[in-house]
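Note sheet for the following structure.
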């Protein structure tokens, strides 16, 4: 089976209201033209390719009677509200859909009696992109009993479900798709991938990431200012990144004031790090260190068993506080009293409103999600590849996490920026 | 001849000092692997492809005795200083080049007796990225007498010339390359394309563009606030974009408060525009209009001859002030006294320091420019395609300007965001 | 008659609902204690003193049946929405007033049939401070027929009118007070002074001013970057300030990169200025000039009659464009081709949301306006003096404009910062 | 003895170079005119008054041979670099002093052999205000052996010492003054008070405070976004404020989204707080709590002895982490699983560059410090009172800390903004 093939609800076809507006032009997507997964000239396969996102000439749903619902899940990320706003605007103005149902607090909002959904119109979403977070509220989990969620959707005559969230959320979306399919319930399930860590595969960047590393740069700058202003100053910044260090690495590249970067993709050796730091302190008398939260877990656990939280994610030990203590102790042993300033800006970063770059991205994702849904696509995410918007099967996207390729030019550029030892 | 082929200085090959640092790893670029120009699955040609940027295992210049020079030309753009800083840092720390010669005020700085070049070291560039503009100063022109410029370079034993600038600058760089070639003077000429308008072909984005449209969004927001706060309020924003409306269009997409967007790529019909505006004012009582400076020039000239400035660019008439007057007059005739607020943020945008996204881009461009130069490449630009850094022959890049494709999904998304009539 | 005496509606006295909440504490203002107008030790008069703003133990209106109205007038200024929000919050939560009537588009909104007022509750104002401008809309004038305005207020059973605006607005407020007084209509008229120029006497600072000069600093920085980046670069910034140059002078002080400052308070001599500029250009090759819009009007008119606009304000000639032309011409005559960049950030500044400092100020002004109104005060403004919130009779405040005292330490500090010649 | 009396070095009097520039005008300060400490009309004493800051017509030092030194001490605060820059600019351009000696890392830089002082000229300080922190570096302590510090000053022929720092720093400055006095060494010791907490008495505001609470507002906004976006969301922000809660209280007032504010000035009752929070969570399902670091120490210690650090400051227990734990535990007992997000932005706030408002303040403080020093004043701080710049005897300023007056209008306004119970 083709891993890149998008599922469709079926054959009912209605002329898109956009036909009139855009005059039947070449606006509509040609389903034959696809974007290649592998962009290089050697062994170039044209079979592995993504369906292009965009409006279709024929749509599946009759806009006048279509009820889309939208749900936001997991930790907050810059751009949630931009996506919500864009979906509402596109559905309302682009297709004439009367309103979008806003589900409160993630999938939990589909459990009966818990929260009341709200109707979203252009009027009540027009300014929301200026606020961080999500006006719908978000939560983790809620997917233990998929049939109940589907019952709620069905009872409310929901035709389309937009799921904004990460890995776990999209697994839930896939399960909802399967349950709807089983029931013959014609529900279009369209995911918009959200992980501030940028760790979803087959998608070049997740929304919120540009804002996140840009805000992270401010904390690195703070750490640098603090480190430079005190004798034996050490600025230590812990950034987001459970499995992938993209935020930390990109921020380090933006601001070449980071002297040592620690990411989950590279095994962390505490002793080597401390030896390096000692030399740095004697030579330069200050240092800026940046660590992604998921890094160094082996070092932290030292043989102990891995623990898991309710959602099945491994519980992370706090590498930031660990390093803070180890650095102080080690340097004191060596006779240096460091002035260590520890900065953990995670909630400040997550809660920021999207910057302009992310706004453009979020608006585009929202528009494309509506196009895909109205065309009757389902069990898919809206993505981006080689700078084109794409449709990605959910199963493909969640099959593995995306990590920094530490043999890539990106990683070497980062290493050149920090100047840290490579081994 | 292959339009995508990069020129080289010759065969002298020295082990890169990076070999030691990165341990002879797979860090170095495999010259066979290239990135395809056309990324789609239909009629996929693997012949048209870009050389990949990055460090080479064998280099051409002996770093210890290499003298690179750097020159910044044309109007200022966010990121100039980031590129300068990155070039200096990479040359110094990456290769052990003693210093970089900073040429003052563009090519004019190579005309003898005019300005004195300055030596750039890590110390005197370490904070410059926090300032907008260019520490070297910039100017237009200076390329009337190419041999004189090459004389100056030769006299100063310059081996590498980094030219940061747009179309005209890179034409100059190409001419310098040809003159050096003629003399058998082994000069590596490496351009880093700069146009805030993002109108260079074969390069997915120019540096400064992300900062520019992000700042432009602030002005659109101002226009929206002004327009909403007064009876019959009209906010009119003129943005940069001589030939291409990317800044205006991207900013309009980021902030869907623009009601009418006017770009050079679409022929402007004043009468239709005014008719639309009249309807908008009677229905909604306020409007936000965004125009790129190069738009509507036919309408402005109405049969008059085109005039040219010293650099051979056509002199633009001021579409912003023209529209301001026409709108006021027309609406007054129709009995509506508009409250028009005209905003021209061009210098505020150009002079901003690079945002984090552009900083990452500028640093990477600078690193790759040094890698290319040290490897003995010449007559080329550092570019980016399908999110990979590339080498682009100067002649190819300047063969035509890049414009918004008004049949693309991007343009339709913009039109959906503004909601303006398409014809 | 005491110029500092506040008028009151009369003697009806109700226990403030705040009594319960704050427990009858020393929270309430002691009417005997006042703040002196003249703070120095020589000839210290204690007679000229301001009534202190703050909650009173006995109030005049019964909150349950009180209908306050609020109107925003004149050009927009940062903080309008913060004041509106604060008034609504204080009236609702502090006193239990059911809602506040929001009048649309200034006094024009009190002319029957023009616009519909809206009811303001905490819910619909809770996020408005994040937007610039005013959610009510604003306009100039509308005060030609005061009795009609008072009719509208009376018909709607309005007890309190909050007027946010400048000189003209507060003259209107005073006229409304007189008309209500004549009718025996117990209307409390409370003004909150707004002029972005900070030119209201007897009030140490108007809201929006801190945001305004802070934003102005960004434009001066842009001008400096532009001026430094080009040969013979001149950055010319025109800032707000019709009669008083506070914004320009304070911004110049914040950023000592302004080389010549031109304000309305100092007679402008074009020839001397141009002579200075010529010397500056030959010595330093760049200059930053900052001019307040009301400066140099004599020079501009050169004997011509003063013209007035509909509101009776003299029409200003554009000093910015005038200087731009004169500088270019003069320098060309002298053989210097300047690169002049002209920046007019006025609408960008006016439309900004309030910064944190102004937010604190606006919230406090709104709270005190409600306290004053509920206590039955009328014909007054909420002000600030020696860092205490005060009540200022409208007639006193509008009796003269506030100007920069060019014999003050403030002005000399500004002159030290620019280093320009004093004569 | 008059507590407000400023000490002077003696009678040697030289015409200020400013006389020429400002033309002998009324620019110079009239020593008789002073500003009253108590600004109210009741029991107004004109005896307690501050000397006004500003340039004097006769100065004590001969600028050509004057060597000023400047030292920055304690924790960093926004504006350090602005003050340094202003002192250098004023000394150099205003008086013709050749350079200012920059002492590294606080008083420790005066201990021989530790660090090398650097010479500061306009060129090397012209851009430093764009960076946070201090280019000189800072440190605590170093005042154990005052004679050694004075030896160093004397050996280097230093005439003026500018001390930028808080309580402890100014105590050190006073000791240095006494030691110099004892030796008959004519040293002018001028302090510029720095405490980000704004807790210095007799001075209306310390520099950096405006930037600090403005940045704090961003964290409160983050906390609000996080709290609103999750079921039972609690945003908890810990802000600076060892003895005085000005930053927390002012930030809470700017942004009325804080629901409970905890400051050192009000005894903290954990049980009452938790009861309130339980009610809040059941009624509104989210809450934002803001705590100053010095609050609730009694509650934390519960009978244990106070511990002191090397500088003699009591060691604070971490109220933020304490509350985080107590809230989670208590709510869990009550059956509510809160989503608590804890934000500690201290280092991000401290390391920010000064905003425009603080820049104006810092520049003015620096100018006035130079004026005072050149005039031969000593053992004093530059301050501000009733919006005038003043001279404050060090002993007076450090005689007691400034706290929020919890019977003041300011505090009540804060309480109205949070809406929290008063008892």
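Order as written gives the chain letters A, B, C and D; numbering starts at 1 within each chain.
The working rule: a contact is a pair of C-beta atoms (placed from the backbone, for glycine too) under 8 Å apart; a residue touches a chain by one contact, two chains touch by 3 or more.
What you see is a predicted model, and the numbers here were worked out from it, not measured in a lab.
Counted by C-beta pairs in contact, the busier of B-D and A-B is A-B. Distance between Cα centroids is largest for the pairing of chain C with A.
One inter-chain figure worth recording: chain B and chain C are separated by 41 Å, centre to centre, where each centre is the mean of the chain's CA atoms. In whole angstrom, the spacing between the mean C-alpha positions of chain B and chain D is 44. Distance between chain A and chain B, defined via averaged C-alpha coordinates, is recorded as 29 Å. The set of chain B residues touching two or more other chains comprises 131. Those residues of chain A lying in contact with chain C across their complex are 127, 130-131. Residues of chain B touching chain A in their complex: 21-23, 25-27, 29, 32-36, 39-42, 44, 46, 49, 52-55, 89-90, 93-94, 204, 210, 213-214, 217, 250-251, 253-256, 355-357, 359-360, 363-364, 367, 386-389, 407, 409, 412-413, 415-417, 419, 422-423.
Of all residues in chain A, only 76, 105, 108, 131-134, 137-139, 218-219, 221-223, 225-226, 228-231, 235, 341-345, 347-348, 350-352 touch chain D in the complex they form.
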